[in-house]
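Going by the order they are written in, the chains are A, B and C; count residues from 1 in each one.
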């Protein structure tokens, strides 16, 4: 079946999920995530500016769908621990409760929208006191001290918090395959072999080691080095290919696998 | 107008006039008990006169109404004249709220006082921006501070909210119970969330073992209140 | 009027209603030619209808009048009801500014001269009504006209403001001093939001930004009355 995500805007984190499940009793594992993503991206292009909130909500929906999908696609283990099974049910019940709650307030919001729409047809009289009575009106500032005014000023002029996403936990990738290639041509001896382990000695960052490995593969692809692995899971021996010229190395900017 | 015969009538018409004059100069809705205090008469009586005034305007086909809104009485333009007033007001004085904002507003309205985190838990997303918008627009306000740890700010709806919704008080909102999804929807959702067909059997057995512990999701009651 | 008025009676009642609605919500007197323009009818006709409306209210013994004043028509309380209105003003009115109004006044006081749009930009909401109240009560006044495009009116505090505050000059106001974050900001900061210190600075762009609402999702937007 094809899931047509034709809603103009995704709003509310559970909306889509709710709709997907309810509409035609969608079987979750038949929901194509890529089609949803495509529709979403198409929608984004139609918008003048990126709505961060909407994007976030979409990601959340996608994550929930993905989780449910994987749960369904994975074969059920017959020897499933009963406690785990309960845990699974509890989790699902929690989700169900949240979906119901979400639906409840969604419908309540529709009612508020109606009330507001009706009320907006009638404008209040705001003319206020006629000039003739103004002199009678009590001083609105009676009892307000300059300090009170200053406090009000501080409140009003206080820096307003702005939306900010904390990205500190995302580690930027600082190593590139091209850099690793450059470094390794100096480290790989032109005579004899060197082990991959020694090439990555002292490296703690897993990503740095991966990049080095990719760099070795790249050099192999370009015919600069030979690779030999004697034992399964054994160390990889890297050696300079006889006659290979380092000038021939094609430095790659973007590694595309 | 007869002189003596209509004494009761004359009393009322004086009061009516006074109320009309006062409401004409007031910016905010005027509470019936304030009117009662000024007129030195029972609130019930004031309310009766106001509602007869309102009925009268309607019957005469006036372009304005006497509305009971936000805890008091106020002159407003008649909804049927909205088209003309809009023409006059020119700039779109109607600000708009997104559905997300409205849903958040509904949560605050029905669950007040409620903290930002509690709203977040129901919405499933961060609601900071929406809450701030609603606050700035004057629909919600901080009504208390949670005495518990963290001293979270508790939000509730404002006078402006009542006026925007055209209701007199929060309890005039339709009951939240009206919106709780029916059993069919619950069933449909449950079906949609089913993990694997054979898990259902497992569950049936499990239930028998535990003695049919009620499933929180399976009955029609929505646990909307457990966060208050 | 006479005979012809009877024929046009049905048409006129629609116009009457529209005029009543417009005059009810208008803050300032509405010029008859503006009404004529809106209704797409001759000014004379509008004037005739308005004066028949005014006569009608008088004949019915209403507590309000429709007055031709300051080049236009305006609803006002009936002079005969002045006593009641006075009583209402003395006893019934809120005797203090709302915190929103006080904050607006503080902005004008500390940032004067300042335009309405600039105040709006700082407050994040429409401030027309509040500015009008403050002006009407004589706390602020127009002190200059912005020489730039648009010739925005620039507001400042008045002599009456100084008197009410018990100070000689604006510079006697206590310094805003070092910024002390309020509980809301503290909470926001704790939640990982960043403070934007530049907001305090008034920039020319602020004025341009006022018009655009940051809300998205145009299709699902709902008009919600925002006249608080």
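Rule of thumb we're sticking to: a residue touches a chain if its C-beta (ideal position, glycine included) is under 8 Å from a C-beta of that chain, and two chains touch if they have at least 3 such contacts.
Since the structure is predicted, the reported quantities are computational estimates derived from the model, not experimental observations.
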- Quick one: point me to the chain whose Cα centre is farthest from that of subunit B. A
- Message: Using only alpha carbons, which chain's centroid is the nearest to the whole structure's centroid?
- Response: B
- Round to the nearest whole Å and give the separation of the Cα centres of subunit A and subunit B. 36
- Query: Between subunit B and subunit C, what's the gap in Å when you average each chain's C-alpha atoms?
  - Reply: 25
- Item | Gap in Å, rounded to a whole number, between the CA centres of subunit C and subunit A | 45
- Message: Quick check: what residues of subunit A touch more than one other chain, meaning two or more?
- Response: 9, 11, 53, 113, 116, 119-120, 123-130, 133, 161, 163
- Message: For subunit C, give me the residues that contact two or more of the other chains.
- Response: 21, 24-26, 75-77, 85, 89, 94, 123-124, 129, 133, 188, 193, 216-217, 220, 222-225, 227
- subunit B residues within the subunit C interface of the complex: 13, 16-22, 24-28, 30, 34, 37-38, 61-64, 75-78, 80-81, 84-85, 87-89, 93-102, 116, 128, 133, 136-139, 142, 145, 151-153, 158-160, 163-164
- Query: Inside the complex, what are the residues of subunit B that reach subunit A?
  - Reply: 23-27, 64-65, 67, 69, 74-80, 82, 85, 89, 93-94, 97-100, 102-103, 105-107, 109-110, 122-126, 128-130, 163-167, 173-174, 176, 179-181, 185-186, 188-193, 195-196, 198-199, 202-203, 206, 215-218, 222-224
- Note: in the complex, subunit C contacts subunit B through residues 13, 16-22, 24-26, 30, 38, 61-64, 75-78, 80-81, 84-85, 87-89, 91-92, 94, 100, 123-126, 129, 133, 183-184, 187-188, 191, 193, 213, 215-217, 220-228
- Message: Looking at the complex, which residues from subunit A come into contact with subunit C?
- Response: 8-9, 11, 47, 49, 51, 53-54, 113, 116-117, 119-120, 123-130, 132-134, 136-150, 152-164, 166
- subunit A residues touching subunit B - in the complex, by the definition given at the top: 9, 11-14, 18, 20-22, 25-26, 28, 53, 56-57, 60, 68, 71-72, 76, 80, 82, 85-86, 88-89, 92-109, 111-113, 115-116, 118-130, 133, 161, 163
